[in-house]
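Both complexes below contain chain A, partnered by chain B and then by chain C.
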Partner chain A sequence: MALGIVTDRFSFRYPGAQKDSLTAISLSIPPKSRCAILGPTSAGKTTFLHALAGSLGSHYPHGSSAGVITIGDVAHTPLPAQILFPTVSFLLQDPHVQMSGIYETVSEELHFSLSNAGIPIRLHEEHLDWVARIMNIHHLLHRNTSTLSGGELQRAALATVLVVRPQVLLFDEPTTSLDIPSQHNLARVMRAISSETTILFTDTSLDLAFLAADHFCVLHKSSLLFFGDRAAFLRELERFSDILPCHNWTAISRSIITHRDNRNGMRFARLLRLP
Partner chain B sequence: MLDVRTKASLVVLFCVCGFTLPTPIQAGLILVVVFLPFLTSSFRFVSGRAATAYRKYFAYAFTLTTVLILLNGMLIQNGSIVQLPFGLHLYESGLLFGLRIAVRLLLLSLALLIFFLSTNIRSIAVELQRLGLPSQVILPSLLAFQFVDQLPIRIERIFAAQEARGAPVRSHMLKRIRSLFTILSPLVLESISESIERGTALELRGFRGTSHIAFQPSEERVTHPAVSIILLSVSLILVLWRIFQWLLGS
Partner chain C sequence: MSIEFASVSFAYQQQQPVLKDLSLELSDGERVLIVGPNGAGKSTFLKLLNGLLKPTSGSIQVNGKDTRHTTTAELAGHVSVTFQHPGDQIFASNVKGELAFAPTNLKRNNSDQLIANAAHLFGLETLLDKHPYDLPQASRKLLTVASAVASDAPVLAFDEPSAGLSYSERLTLQEALQTMINKTLIIVSHDFDLFLPLCNRVLVLSLGMLMFDGAPTRFIDKAPTFRQAGVQLPLAMRLRSILERLPHS
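The block that comes next holds the complex of A and B.
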């Protein structure tokens, strides 16, 4: 059952830092949505995900924070103090560190996640089958993790957090080591699981966001510049041309608006899931 | 085929020899350890990467031991003087002291290296579990082993990066020694950063101190408890003998 996420004027400052890493972030992400958190580097995107996962509160208990983070029905004031796995699963940016390194095969790594989540052993195979089907990784299950290519490792890393069927799934810049077909595949996976999982992912570019997201959030210099759905984001896209690589997308957007009555333009808009 | 426990006992014996036996015997033992992977299947390398790491170890070991011996020859100014070209001179006592230290270090490092290059992480995990160690001890230990396993790849990557910046990392020995410092700092920083990331990733996957980790042995191995007991007993006797000698003042 996917959970909604609401933050109310959430702020955080790392211990010893001169300024906030996140300043008064207020947004409301509905359950089952796929939200892209966009922005340039040092905007606070990763910090925001760590706050939602509980690792920020757990690792920096003396950080200065304010506001409220509500995940599902549980309000954390100001942020979760403990890691919320398996309710919230978080895939870090580097897939190499996602593998524990102590198990040889992908399958063993998945069993490790399931054991940590307290899922009974009799249900492990069911979870493994589900994640292998969704991710299309049956052929990787018995492979040694050290022999996987970059793209395969990224998929296996995602499987290690997805296998517990979390209610909220967080990705930190998942496109870093993915080529275009793999990004399409990731977008397909996101759409497939969003009926039971709320997804948030960060990115510095817009390609995956337009492929997969239905909600958009733009962070810049620790502050929230925009939060809204796809249509609202497209309308305001040009506002972010200084901080996001959106010139191609604004051109495409204009072109589609111009040629909306044209059959090719409509097909293109449908393909890109544009409004 | 020796099991992990017996192999570990043999490594312990070699390490004890490194602290208790005279230098000429230690030098002989180094030769034995060097050829162990080719003499017995128990110490055969687990992968091609392990074999490459073994070959590279000799290049580094030669450089470091040479530096160690020369430094001692320069700094410990006792005994007769050994003349070198270009008016340089070293001291015999320092050279001998450096040689003793170098032989000891070589024996210790080789014995440990052979063990880890010929034993996969899963076997070590299974053995640690058989010994009854809790998960919160086994997991960090395995992560440390894994770090050692990844070290050659890391060094190679930093080598390539520094080489691309024009650092003479593949030049002659003196330049290599100088470039060692340019490798060490990124190596240490990268290691610390990755350790933190890996720990965070484990936590985010729900691993806590109380979590249980289960390893299934990949194959049943014949154990040799008697051999392990003999090897460890010999180690103990050598330690006691060395303590006895020290008490006698020799």
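The block that comes next holds the complex of A and C.
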């Protein structure tokens, strides 16, 4: 069952740092959402995901923090102290790091994830079939992980976190090595699993966000600049033109407004679920 | 000409060629964008360029050097390649050391100037004493590109140089590469938005074969026909071009 996420004035500062990496972040992400976390480098995007995953609290117990993070019914004051896998599953930025490296094939890596999540062996094949089907990676299962291309490795890495069927799934920059058709495929996977999984993903481009997200969050210099739905984000898009690659999307939005009374314009607006 | 591939095939495992009978020439000063679906052989192409991999059959000449008979160290002076993941190539203990590695080892006589110039172009001047692993991933990525630039090799080849960069860093990268008018640039990327305006030639690789070689404008026109091969323009670019062509009534 997908879990909602609420943060209330959550702040975090790494041990020894001069300033906060996240400052008073308050937002409420409903269960089953697909939320894009956008913003420039060092805005705090990755730190935010680590906070939700529990890795921030467990790796930096001496960091200073304040506020509350609530995941499902559980309020963590101020943040989860232990890694919450497999309830919250986290795909890191570098897919090399995601692979344990102690097994040879993608299939073995997936079994390793399932064992770590404490899922009984008799259920492993069922999980494997499900993830291979939903991600369309049957052809990669028996490949040696060291022979995968960058994009294939990224898909295999995603499978290792998805296979446990988490209630919250966090992706840190999932599109960095993905070609465009694979990005469409990822958006399809996100939509397919969102009935059972709440998804948060960071990205520096806006394409995956517009393909997949129903909630948008913009972080800048450790603070929350914006949180809202698609319609609100599009309305305010021009505000972010200095920090996000908006130019194509603002032109599209304007162009749809110009064409709003013509059949094509309305078709595009519907296609993109635009206001 | 700076680079010539003559009937090049390459296989990591027998019977499974990654590149098949590839022939092409790249001239001095060309800016080439290589695109193709995941697993098309793009990164392999780059590793063949600097001799990290040798062709299974056929030959590659880089500035007149046959890569089969030239060491990687010797080729490094002619072609500098960056990898997809910065962690695969950064090993100095500070940013300056990383930038200095190539020009010092290649015994460039203007090393200091090359280092300062690369640091300036990529906005790394204030970070020179930092440990590369204390930098955000995006800055590490820019550092790898800057290190290649500091080598002053006439051919610079980058594997997904903009991956993980935010908007302002992408602009820094674009502006820096624009200044390299005397270099042959080879860029493997899915970031059409950034690199199509920068390049004057596009190669489409699919299943190890060259399926298109031409100017960016022709590539954009023909892009719909590459869909089957797994090459697609980003959603925003496609929508924008369609919407701009609609009549206003």
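Quick note on the criterion: the second predicted complex is superposed on the first by the 271 of 275 C-alpha atoms of A that agree within 3 Å, B and C clash if a C-alpha of one lies under 4 Å from a C-alpha of the other, contacts with A are read in each partner's own complex, and residues count from 1 in each chain.
Just so it is clear, a residue touches a chain if its C-beta (ideal position, glycine included) is under 8 Å from a C-beta of that chain, and two chains touch if they have at least 3 such contacts.
Only a predicted model underlies this, so the values are computations on that prediction, with no experimental measurement involved.
Peer 1: In the superposition on chain A, see if there is space for chain B and chain C together, and answer fit or clash.
Peer 2: Clash - chain B and chain C, as placed by superposing on chain A, overlap.
Peer 1: Please indicate which partner A:V161 is in contact with in the superposed arrangement: first for chain B, second for chain C, both, or neither.
Peer 2: So A:V161 only meets chain B here.
Peer 1: A:S58 in the overlay: touching chain B, chain C, both, or neither? Say first, second, both or neither.
Peer 2: First partner only.
Peer 1: By the touch definition at the top of the document, which applies to A:S149: first (chain B), second (chain C), both, or neither?
Peer 2: In the superposition, A:S149 contacts chain C only.
Peer 1: Answer with first, second, both or neither: which of chain B and chain C does A:P40 touch in the superposed model?
Peer 2: It touches chain C, and chain B stays clear.
Peer 1: Going by the contact rule set out at the top, does A:L211 touch chain B (first), chain C (second), both, or neither?
Peer 2: In the superposed model, A:L211 contacts chain C only, not chain B.
Peer 1: With both complexes overlaid on chain A, does A:D94 touch chain B (first), chain C (second), both or neither?
Peer 2: So A:D94 meets both chain B and chain C here.
Peer 1: Of the two partners chain B and chain C, which one touches more residues belonging to chain A?
Peer 2: More residues of chain A are touched by C.
Peer 1: Counting only touches as set out at the top, which of chain B and chain C does A:S194 meet: first, second, both, neither?
Peer 2: After superposition on chain A, A:S194 lies in contact with neither partner.
Peer 1: Report for A:S182: first if it touches chain B alone, second if chain C alone, otherwise both or neither.
Peer 2: After superposing on A, A:S182 lies in contact with chain C but is clear of chain B.
Peer 1: So in the superposed three-chain picture, is A:L244 touching just chain B, just chain C, both, or none of them (first/second/both/neither)?
Peer 2: second
Peer 1: What residues on chain A does chain C touch that chain B touches too?
Peer 2: Of chain A, residues 94, 96 contact chain B in one complex and chain C in the other.
Peer 1: Of all residues in chain B, which touch chain A in the complex?
Peer 2: Listed in rising order, the residues are 120-122, 125, 139, 142-143, 146, 194, 197-198, 200-208, 211-215.
Peer 1: Spell out the part of chain A that touches chain C in their complex, as residue ranges.
Peer 2: 39-43, 93-94, 96, 147, 149-152, 154-155, 173, 176-182, 184, 204-207, 210-211, 242-245, 248-249, 251-252, 255-256, 258-259, 262, 264-265, 268, 272
Peer 1: Chain A touches which residues of chain C in the complex?
Peer 2: 12-13, 35-39, 43, 84-85, 87, 136-139, 159-160, 163-170, 190, 193, 227, 230-237, 239-240, 242-244, 246-249
Peer 1: Which residues of chain A touch chain B in the complex?
Peer 2: These residues of chain A touch chain B: 53, 55, 58-59, 83, 85-86, 89-90, 92, 94, 96-98, 100-104, 111-113, 115-117, 160-161, 164.
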